[in-house]
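Next up: the structures, one after another.
You will see subunit A twice below: alongside subunit B first, and alongside subunit C after that.
Up next is the complex of A and B:
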C-alpha cells in the first residue's frame, strides 16, 4: 500500500507537468544543444562541423575579442543607464499622478500607453523621430531656430547610443510608474500622518516612510524588466542595426550577426551563453531583492 | 506680506508646477504615437517637405487603402502578415492559458518540496534572450522541418508565455479565499467541481487579463519570429515592418500606417485589462 502510494505522482506535480514538458522541449533541450555546439566550430553551411569538438577554443577567442567586450560593456552601460533612469522617472511620474486631484483614471490610462507598443514599433517610431532629414526632433529644433543644421542623431555613434537609451527609457518607464503607483495607492495613510505629526520634513517622510513601502513594487517592476532586458535587441535592430560602424553594437545584435550573417553558429552560441548569464544574473539579483523587501515589509506592517 | 498670503502663494506655485510637470510628462508619452498616426494620413511629399509642414494640409486614407488592396507599398503582403499574427497569437494564448492555469493553481493551492526554486526555475527560462534561444531553435526547427510554419512559432510562443502566465494566474488564485472552495467541497462538490464552479469564476477576470498579456507578447514578439519565419507562410507583423527598412528608400507613410494597424489591437486589449494586470502582478507584494 505504502509503496503504491509513493509511486503515484502528487497532484501539484501533475499540474505542473505540461509547463515543465513544454519548457524542457522548447527551452532546456535546445539550450543544451547550443551549449554543446558552443564547443564546436559549427557553421550552418557545413553541417559536419557540428561533430568536430574543439574544446574551449570559441570561449578562448571570445575572451580576447575586443569587439565582443566592447559590445558587452556597451550592453551593461545601456542597461545600467536605462534601468536607473526608468526607475527614477517612473517614481516621479507615479508621484505626479498620485497627487493629481482630477482625471486620475485618464492619467493612468495615458501612462500605460507606451506599454502597448511593441519594442519593434518603439524602435521604428524613434527612428522616424530622430531621422536627421525629416524627423520631428530636427524639424522642431530647426523651426525654433535652435540649430541651423541637421543633427545626425542616428549617424553619429555617440548620439545614436543616447537616442537608443531615450527609446528604451520611453518604452519601459511606464512599467515602473504603474507598479509604483499601485504601491502608493495601496499604502495606508496613517504612517504618513504620524510622521507629519512627529515633525518630519517632506523629504524625511518620503525617505523613511513612503519609500520603504513602495520599494517591493519597484523591485517587482525590476524583476519583470529583467526577464525581458533583451528586448532592447528589437529597438536597436530597427533603429541602427548596430551601426554606424558598430558604434551601437550590443551583445544581442553581435550574436545575431555572428550567427546568421557570418553563419558561425558555434561561436555565436558561445557568445549567447554570456548573454544568458547576464540576464540570469539580473533576474536572480532582483528576485532576491524582491524577496528581502517583502519580508521586511511583512515585519514592519 | 503676512504668513498666510505667503503660504497660499507657495501652495499655488507648487500646484502650478505640479500641473505643468504632469502636462509635460503626458505630452512626452503621447506625442511620438500621435505623430505616427498623423503621418500615416499625410501624403509622402508633406512628410518629406523641407522646411517642414507643421499644419497638415491634406489628410487621406490612401496609405491604408494601398496597404490592404495589396498593391503598392513595395508589394508587402500586409493581409497575410496580419492573419499570420492573428492565428499564431490566438492559438498560443489559448494553449499557454491552459498550461498556465494548471501551473498557477498548483503554486497557489499546494505545498510541495522546492516550491520557490521551481518557481524561480520557471522564471529563469523566460530570461533567456530571444535571440540566444533562436540559434538552437533555428537549427532544431530546420532539422524537424517546422521552420516557417505556424506550428513552430506557436510552440515557441507557448514556451515564452507559460512562465509569466503561471506567475499572474498564481497571483489571481491567491486572491480567491481558500475557504470558499473548501466550503463547496464540504457541501458535496468534488475538488474538480469546486474549481470550475467556485474558484474559476472568481479568478476569471484575472485569468482573462493573463491571456491578453500572453496575446500581446506573441503579437509583439520579434527576435524569435525574425529567424523562425521566412515567407508569407508564417511571417508576422513585427517582422513585416522590417520589410520596409530593407529597401533603400524608406516608405515612411506606409510604415506609419502598418504601425497603426499593429497598435490598434494592442491598444484596445490593454484598455480592457489594465486594472487586473496591475493587481495580478502586485498580489502578495504586501502580504508576502
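Up next is the complex of A and C:
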C-alpha cells in the first residue's frame, strides 16, 4: 500500500504532464536529435549515417573551413554595422518623435510599420528596389541625373552586402526607435533642466543626462535583436541567396545550403550549434550590460 | 553675487498672458522671497530668470547685463528644484561636482569644493550613494549642495521644502538661513508658505494672478499690507476682514453692529464710503489676555459670545460673533473657555486696517 502511494506522482506533475509531453515532442526531442546529429556524418540521403558517431569531427572541420569562417566574418560584420546603424537611427528617430508636439501618436504608429512586414516581404521589396534594370533606386538616381549607368546593386558583391544592410536596417530600426522612445517618454524632465542650469550645452545634456537614462532601453533592444538576428536569413535568401559567387554568403545561408543542397545535415547542425552558442554569448553580454545600466539609474523595474 | 532686475517682464503662452509686466529690483546679496497662491506665476517668473522659459516681453538684467536671450548656462545661476531633479545615475559626489566638471575644472580642484560643501550640509557620509538610496531630506540637501559648489551669482529656489514633513522643513529652513549668511549670494526663493517667506527673506514679494501686489520687508508686509489680498495672505491665522460702511465716525457692519472709526483713518474716509475693515487676531483678545500696542484710548471694549475655541497650548484661538460675522481672536495666557460663554473683548483699533472695498487697496495712504 505504502509502496503504491510512493509511486503515484503528485497532482501538479500530472496536471503539467500533457504540456511536458507536447513540449518534449516538439522542442526537446528535435533539439537533442539535431545536437546528436552534429556528432555524426548524417546525410538526408543516407539515413543510416545517423548512427555513425564520429565525435568532434564535424566541429574540427568547421574550425579549418575557410568558407565557414568567411561567412562567419561577414555575418559578424553585417550584424555590427546593422545593429549600430539601427541603434543610431532608432535613437535619432525616437528623439525627433519625442520632440513632436502634434501628431505624436500617428508618428509612433507609422514608426512601427516595418515591424509588421514579414522578412520575406522585406526581401522581395528591396530586391525590387535594388534591381539594376527596373529598380526604384537606379530609376531615381538616373532621373535625378546623378548617374547615367545602371548600378549593379545586387550583382556586385560589395554593393550587394550594403543593399542587404539597408534592408536589414529598414526592417529592424523601429525596434530600437520604439524602445528608446519609451525610455525618453518615461524620463523625468527636471534633471534635463537641472543640467541646463548646471551649464550643459545641448550636446552635453544629451551625453551626460539623457543618454545614461535611455541606455538600458537601448540594451533591451540589443538583447531582443541578438535573439532574433537570424530573421535576416529570409532577407538574404530572397535578395541574393548568398550570391553572387558566395560574395554575400552569411552563416544562415551557408548552413541551409550545407543542410539541404549538399544534404550534409550533420555538418550543418554543427555549424548551427556553433552559431547559436555565439548568439547566446551575445545575449548574455547585453543582458549583463542591461542589468548594470539599470542599477546605475536606480530603475525600479 | 549680482543684482537682478526685472523690467516689465511678461510671459505669454500663445495668446494667454500669465505674467503681466512685473518690475522688481533685487539688490546684491539680498534674500528675496516670492510668495503667492498656487498658479499666480511664481515658478514661471523664476524659470524666466533661470532661462528655462523664454521671456515674452520686457527685460531681465543680471549684474546689470541684459540676459533675455542667453541660455541658462551663460547666466551663472544655480537652481534648486521642488522635485530636487538630481541626476539618478550619478552618486552624490558626482551630482555635486557635475557643474564644475562641465565647466572644465580638473578633478583635483573639484574634490575639495565638493567635500567642503558636503561638510557644510552634513553630507560627507553619503557622498558615494546614489539619489535613490537617500531620504527626501537628504536629497534636498544634495540639491542644495549641487547649487552651492559653484559660487553662482544668483541662487534660485523653487519651493525646495514643500515635499518635506513639517519638522524637517523647520530644520532645513534654519539651514538655508545659515547658508545664506555664509555664502552671501543673491537669493530668489519661491514658496507658498508665508512662514518660510517671513523667516528667511530680507524682502517679500507677494504675487497674485501674474501681478506684484506688494514688495516689502517682512515687517512692512505684515504691519502695513498694501491691499486686502496681502493682509489676508500674510499672517496666520489670517486677518479678520469684514465688509463695512463708514457712518459719522463709526465703522458699521452689515448687520448694523459697529466699531469706532480708528483714529488714524479719521481724516482719510468720509461717511458713506464702502470699506473692508481688517483686524489681526493678535489685536482682538479677551480682556486681560492680550497686549495692546497703541494708546489705551484706542482699545475698544465689547462683550462677545464665544462660539468655539482652538487651544494651542501657549495660546488659544477664540472664535466669536460680531457684526454678523465670525471673528478670530488670540488669547494669551489662556484659561479654559466654554462655548457659549460671553466675555469682554478688547479691539486694539490702533492696529486696525481699512481697505477700499472695490479696489482692495489700503486707505492708509
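We take it that the second predicted complex is superposed on the first by the 271 of 301 C-alpha atoms of A that agree within 3 Å, B and C clash if a C-alpha of one lies under 4 Å from a C-alpha of the other, contacts with A are read in each partner's own complex, and residues count from 1 in each chain.
We adopt the following convention: a contact is a pair of C-beta atoms (placed from the backbone, for glycine too) under 8 Å apart; a residue touches a chain by one contact, two chains touch by 3 or more.
Everything numeric in this text was worked out from a predicted model, so none of it was measured.
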Is the arrangement of subunit B and subunit C around the shared subunit A a clash or a fit after superposition?
-> fit
Touch check for A:209: first (subunit B), second (subunit C), both, or neither?
-> second
Return, as a multiple of 10 degrees, the angle whose vertex is the Cα centre of subunit A and whose sides reach the Cα centres of subunit B and subunit C.
-> 80
May I ask you to decide whether A:116 touches subunit B, subunit C, both, or neither, giving the answer as first, second, both or neither?
-> first
Does the superposition put A:195 against subunit B (first), subunit C (second), both, or neither?
-> second
Which partner reaches more residues of subunit A (counting touched residues only), subunit B or subunit C | B
Considering only the touch criterion stated at the top, classify A:139 as touching first (subunit B), second (subunit C), both, or neither.
-> first
Which partner does A:149 reach: the first (subunit B), the second (subunit C), both, or neither?
-> neither
Should A:275 be classified as contacting the first partner (subunit B), the second (subunit C), both, or neither?
-> first
Minimum Cα separation, subunit B versus subunit C, post-superposition (Å)?
-> 6
Where on subunit A do the contacts from subunit B and from subunit C line up?
-> 297-298
Subunit A touches which residues of subunit B in the complex?
-> 18, 21-22, 25-26, 28-33, 35-36, 39, 47-48, 50-52, 54, 98-100, 102-103, 105-107, 110, 112, 118, 120, 122-137, 139-140, 155-156, 158-159, 162-164, 166, 216, 219-223, 226-227, 238, 241-242, 245, 252, 255-256, 259, 262-263, 266-267, 270-271, 274, 278-279, 281-282, 284-288
Subunit A contact footprint on subunit C (complex, rising order) = 50-52, 71-73, 77-79, 81, 83-89, 98-99, 102-103, 130-133, 146, 150
As the complex stands, subunit A meets subunit B at residues 10-13, 15-16, 18-19, 22-23, 25-31, 33-34, 37, 44, 92-93, 96-97, 99-100, 107-121, 124-129, 133-134, 136, 139, 142-143, 170, 174, 178-179, 182-183, 186, 216-217, 220, 224, 226-231, 233-234, 237-238, 252, 255-256, 259-260, 265, 268-269, 272-273, 275-276, 279-280, 282-284, 287, 294-295, 297-298, 301
Considering the complex alone, what residue numbers of subunit A touch subunit C?
-> 188, 190-191, 193-201, 204, 208-209, 212-213, 296-298
